[in-house]
Amino acid sequence: MPSVPSPPPLNSNPAATAFSLDGKSPRTANEPSGPKPSEVAEEPGPSEVEGARLRDELCEAMAAIHQRGWCDGTGGNFSCVLQRQPLLLLMAPSGVDKGKVKPQELIVVDGDGRVCHGSGRASAETLLHLAIVRETAAGAVLHTHSQAGTLLSQWCWERGRKMPALVENPDEDGIAYLEVSDLEMLKGIAGITTHRSAVRIPVLANDQDLGRLSRRAGPNLERAPAGLLIAGHGLYAWGQNLSEARRHLEILEFLLEQRWRQLLLEVLMVRGHGSAPDTEGPGELGR
Amino acid sequence: MPSVPSPPPLNSNPAATAFSLDGKSPRTANEPSGPKPSEVAEEPGPSEVEGARLRDELCEAMAAIHQRGWCDGTGGNFSCVLQRQPLLLLMAPSGVDKGKVKPQELIVVDGDGRVCHGSGRASAETLLHLAIVRETAAGAVLHTHSQAGTLLSQWCWERGRKMPALVENPDEDGIAYLEVSDLEMLKGIAGITTHRSAVRIPVLANDQDLGRLSRRAGPNLERAPAGLLIAGHGLYAWGQNLSEARRHLEILEFLLEQRWRQLLLEVLMVRGHGSAPDTEGPGELGR
Amino acid sequence: MPSVPSPPPLNSNPAATAFSLDGKSPRTANEPSGPKPSEVAEEPGPSEVEGARLRDELCEAMAAIHQRGWCDGTGGNFSCVLQRQPLLLLMAPSGVDKGKVKPQELIVVDGDGRVCHGSGRASAETLLHLAIVRETAAGAVLHTHSQAGTLLSQWCWERGRKMPALVENPDEDGIAYLEVSDLEMLKGIAGITTHRSAVRIPVLANDQDLGRLSRRAGPNLERAPAGLLIAGHGLYAWGQNLSEARRHLEILEFLLEQRWRQLLLEVLMVRGHGSAPDTEGPGELGR
Amino acid sequence: MPSVPSPPPLNSNPAATAFSLDGKSPRTANEPSGPKPSEVAEEPGPSEVEGARLRDELCEAMAAIHQRGWCDGTGGNFSCVLQRQPLLLLMAPSGVDKGKVKPQELIVVDGDGRVCHGSGRASAETLLHLAIVRETAAGAVLHTHSQAGTLLSQWCWERGRKMPALVENPDEDGIAYLEVSDLEMLKGIAGITTHRSAVRIPVLANDQDLGRLSRRAGPNLERAPAGLLIAGHGLYAWGQNLSEARRHLEILEFLLEQRWRQLLLEVLMVRGHGSAPDTEGPGELGR
């Protein structure tokens, strides 16, 4: 199992970065220098204007997601990449109502998941955000706790455990797949151009050890359809930027809810008529 | 299979039209003339004020439809007829969040589906909007991706494929019908004056070739109840103007969601009691 | 079958009324007199201020009801009593989006359902509003087309038709009852003080002849729990004033949606285990 | 059965309290003295600013809860502790639309449930709020009437009555438990740190005698997961402060709705395949 590569140490010489971490006042070259810059060449970060814009957009996205009922009870977390080298993410602090976060309340975390700017704790799930960003080059990661995401991931994982043929490694490192196919909405996922497609969303067992969970997730992210399910927990969706991540989130949540409705109908159809769905004739259901 | 008649070439002499394509500044007769006007007599288009009003209304309609959860993930598309001869439609560009489009961001497409004003691409589905407008004289076409529309269209099409007696041409050019009857809300569809009615919403197989899909749809549009379903895809609703199209959309989406609930109940009722629904006596369900 | 008493002729001498029909300018005693006042003593109507307040409240109520998805596609209608003797109702005109009506767009209808002030047509269902107001002394009547109201009324009526023992007069003048019991929310209905209650909401067959439907409804209104269902159509809820009517509407719609969920559960429970619900032991469902 | 201790008599000498009950004007020492202060030492109450803030927050919370559809038809009630010794709660008056209460309309009730400031009646359920505050040291109690809370509590209680092994005291003082386990959202409940948990929400029979209901509830509150269900009635959720109470409410309502969906799926799975859920093979449901 490949390990997620260690992130480079955070450059603590702010003078080398062209942006301001709080989105307000830019750092200047006059600030005292700290440890030498890391050996990885640093990209210039976003300008102050872009940083402020990203903060506003992330807060607006979280408010919209909360409005959908997808991050109740302070659940969920949402990140944007502020800078790639070294890696810095913009996120809400842990344990707050994500629907009410103001731009200045966002925190910046580094490639180890440590807070390097702002007040509050970083969520432990930051490690999974970092893994997704590293493996997929995503620019934003959105993690929700929706009804459909929680239910379908649990159902799929439980079913996989009982039916080992469906599970690639039927032990604790196992993975199951929730398949959705033949729907137009699949085309909302980057790279899918026809409804005659099937996506298999990887489903991992939930795990409070986020380092371990991130390492399990890592190898499965590149081929994933911009989404990953954690059983009985929820969905991670991502995209090249916040806009694409939001589109992927809406598409995947739609597909999960649709799959739930399909499941009800499939089970009901099979129930009454053995293995041949829908043979009761047009009389009952033929309208 | 009758072909959809070729649209007349777009009149490229703007001086002949009385309105402004961007809803802002009217064209004047002093602008240089281009190719000769088409042989089809041109109607005067909407005035600048009407054009601006239509833009505002279309954006407001899309925001309301997005609020309903009917066009997530940049799905769906919505058009108004700006001018009939030659045909010009006002639409949102493809691939944008339909809930956030501003009036000035709308595009104008011609009778061939080409963008003739504004930034962005026209959706491939524009061809189906054009077919509906030509066959039904609709003034607006609203295409949604709702949960009920996606599920019921798929279910109906699959059922039709398995039960050829229900399908008129049980091959790829086949069509199925989703029937809804005996509901007061049917009266929201133009021409229906009593609940003792049944509407049959045509259901076509999904197809990424929108030209072919539009040609299949064409012959079925005139007798359709202001709506058409594409299996596993969604609903097209239309009306003489945007207001009527919105009413038809709300009515049809209501009927689809109602049909879904009816289906759950019907299947459950049949399940326990053979062919006689609801004979378990008042004890269990008699309240 | 008792007939609904004929309403007294509208007093067409506006000088005798103390209020203004449009909520704006009061009538004066100088206006020409018309036919003699009816023999029924006239109450003074609401003052101009009260009339304006009522208009605002009714529009706000309709916007909130539309927000709930209870009057889509211009369906539904909502009335307040403006004056009792002679009877005058304030309503939205027929065929408009009830969620967007402005106070000045409301119409006033008389005791025969004729528009006596404002633009637009009165809904045919005005006759049922009038019947409810006369039989129950209601001050407001709210008629919705919700998913649960449409489905449960249809299911209840169909079940009643098949099981004559449940239906008092099992012919076209028949009536069925939807019973809801043992829920705390029942206490939201005036006169109900304990959850150990059962309400029986009368259900009538739908009928496009609203005069006939109103006459059928009449005898059943006094004992009804502030609500009446029309099969496959929806709910009428009422109260002494608009505030109480809104409370009754919310309570009854809650009970209908709850009854739907109960029904799913009841049918599923019976399905698997014969006549003894829920005997599969704690293992499956015992959590 | 231990009784809830009698609350100390309300200190009716306002001069001894440092805050203003209406959140506006502080009481002064010049006001006439009443009975001697109680023997329990009085804590200084919140300052005027804090009192006003609490009023605003409570009204905002109620508006958000009403927006969720969790307190329709004037149902539900919501309290914050204004002062501990002697106990004073801030609440909305009984029988009002909780979504529209303004800060100045809130009432203050004492430890006996009597209104000591403001207009309107205190809900009878105030006694249960007081019991919860006393037993758990909660700073806020939120009581909702949601669809899931009403349905699941009723289902759980009925099931417990039929299956005495599940009920600790299978008589009228009995209690049942709704168990939810293995979900990440459980971590939103204070003290729960892993999804590998199970919470058992106590369910009591509904009772119009709130004194008796509160005494039954008392012994079960300390070990409850910040929530209590009353059968066919709804949920009480609480927390150390309003913010924590809101988080607990959202978490518990999420878990109830999730449990409902799980229940549908469980029952459907068992239905077709005896005691072994989900053995029909991947063909039907294996996606």
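All chains are identified by letter, namely A, B, C and D, in their written order; residue positions are counted from 1 within each chain.
What we mean here is this: contacts are C-beta pairs under 8 Å (C-beta built on N, C-alpha and C of every residue); 3 or more make two chains touch, one makes a residue touch a chain.
Remember, predicted model here, so these are calculated numbers, not experimental data.
Among the remaining chains, not one touches chain C and also chain D. When the CA atoms of chain A are superposed on chain B, the rotation angle comes to 90 degrees (nearest 5). Annotation: the chain B:chain C pair of sequence copies touches via predominantly different residues, less than half of the used numbers being shared. Averaged Cα coordinates give chain B a centre that lies 33 Å from the centre of chain C. Centre to centre, using the average C-alpha position, chain B and chain D are separated by 47 Å. Those residues of chain A in touch with two or more other chains are numbered 264, 268, 271, 277. Taken as a contact graph, the chains are arranged in a single closed ring, with each chain touching exactly two others. Contact between chains, as defined at the top, is found for A-B, A-D, B-C, C-D. Residues 72-75, 97, 145, 147, 150-151, 154-155, 158-159, 162-163, 165-166, 178-181, 198, 206, 208, 230, 232-234, 260, 263-264, 266-268, 270-271, 275, 277 of chain D are the ones that touch chain C when the two sit in their complex. Only residues 182-185, 188, 193-196, 243, 246-248, 250-251, 253-254, 257-258, 261-262, 264-265, 268-269, 271-272, 277-282, 284-287 of chain D touch chain A when the two sit together in their complex.
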